[in-house]
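Quick one: structure below, then a few questions.
Which chain is which? They are A, B and C, in the order written, and residues in each are numbered from 1.
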């Protein structure tokens, strides 16, 4: 990896729907540290709602850009564990990604221009299907690929095992359909794609595509223009930390107080 | 410890009922890093239900087998803190265990054949009562042995302090009665011992003891045979990642949807 | 820093109201590890109730004393992000503190005698306003100083960047009014300042200020004397792990069962 300082400790991140109450996350970390004792393991989130692949994809894509080059990102939201869905590892100039082939990795890879978002076709980097069981814990549990496949493979990648030995290359990965904003006449239709811990409703709208003097309608609320801070409220539209417009309530929860949910429409007009 | 690579960083794990909102877990980690700055600290869980020693024992026993040799496992679910219950450290070929003498460590030690499960008698390894206050933070708070006793002792063990200096040996530890499956005629009676984050109801039944063509009855639901994956549902019996049969609902919660709880019977017959 | 072992790994702690579901905490850690790959990052809490600066101040002050010298404590409970409130870094003999100038750092600093609690005036150490954007991620998001200002500044401090280069010194920081116990005649009026994960109601009363034979009235319950352990219950007053009296229910929640909340009065008399 060009420019990666070899003396630095490698980082492995984890993004799952496992929760923090049980033994599952700990078991994954134990497996990793048995293979690669010097890595830094960072939890991105284990609070993805169970089996919600799209939410996991959003979280991974939101956090992964801020990690150093060579980081290995492991993501496991995997309702199909034990079925024939593929297990993947992907190398890019920025990072490695390891997880099931169910759409979970697509947003992060699409942001990096590594895949074509509609088709999942690889545009750069290397993707392989994980088939070589020498890099797995064996026997592999039918219910816990996180511990037995994804964790050990990530640890081997962090120890500079070449990705090509893990299995055969694939030229296309599975992606879920995603909602893009659409113009209908002079009205822009976006939607809410994620609700965060504060109840902020994050949309798929970037400032670049907004009309001049934009007015946002979400649920029953109408907001004029973009605010410079949450404190400009009571209700604001503001450019959030990942570059997307979010609807927020000052010192409160937009989701709770305005009844906003993932999938709701956000309609944008130019104030005349 | 034979085979332990001395150059590897030591691992200390934490399993508690402290939750993650308060300062308690952070204080323990601060104490550890002040004594042993180079260890990797791994959270197994801080979400054990308050004072539920049996649940903590299950979580510790489920995660600890996956850590490298020489790992120090600290567990604190300790309603008797400040009373006369003993504080323990135990060395085995696989790992160290540190915690209160209230049953919390028994499942993990029993799985390692270090203790006799019914009596808690030591069969191998070394157990000591923690009495030498030179290895404690002082004064010791009556309400927080985790910070003042267990954390510093674990850090000293991770720095290779011999266990024998920590206090006098004990030849028996306290264990809670555990429910084992029982045959009554040709019917096998098991029970649910843990419900995980997904609502999967984990039993005390291993595949080896099941009759041929097993049929499981749990609550009002009857399931025929073992499934290869959760997706074989809607309701499945499946061998989970620790080797025990669990009752699961595809993309749902068996605990919520079937009303299953810890302690419920699971009755197994051979389908005729 | 006198006595700081230069070979030891530096520690950076995080205390926020970000929760653990989203990408925010992971993004902060990615930024830190990109600048200072060898630090140990410790989560104190990400479960501070949203925008509750006083609760965050309590958690930080409760955990920070247990970390090794030179630790960098980052705290972000920041409803005013993006407004004109200052961003601060403070160096003391014990540790560094980084966060918004909204009262969040005051309890920890006041315990260290670094500030005058009523006025926030600096008594020792060095405080600076963070103004030099060379130590920030740029552009700085108006909604996420944690990632773009506080995380990178903390990482630079952990790499021994002198605090004086980060911005101009300040001689006074913002502190919130705090409730101190008060004598009215021969009755001592304290209050509940924090409720923990177990439902223990922690007061602002230390044993040193209590009258002889103290009797505590909190809500409808009256407790005589201080107990040696939680098991002395059913309801006890006990000196908790930070040195303050707490009201607790054995194997239960004082907050739930007695209806106690932050801000409630605790009245202390000498039993005649």
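Just so it is clear, a residue touches a chain if its C-beta (ideal position, glycine included) is under 8 Å from a C-beta of that chain, and two chains touch if they have at least 3 such contacts.
Please read these numbers as outputs of a predicted model, since none were measured by experiment.
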- Task: Since subunit A and subunit B are copies that touch, just let me know if over half of their interface numbering is common to both, same, or not, different.
- Result: different
- Copy-to-copy rotation for subunit A and subunit C - C-alpha atoms, rounded to a multiple of 5°: 120
- Mean-CA-position distance for subunit B and subunit A (Å): 31
- Residue numbers in subunit A touching two or more further chains are 20
- Message: Show me the residue ranges of subunit B that touch subunit C in the complex, using the header's touch definition.
- Response: 18-31, 33-34, 37-38, 41, 50-51, 79-83, 141-144, 147-148
- Message: Could you list, by residue number, the parts of subunit B that touch subunit A in their complex?
- Response: 5, 8-9, 11, 13, 15, 20, 40, 42-48, 58-60, 62-68, 71, 196-198, 228-231, 238-242, 246, 250-251, 253
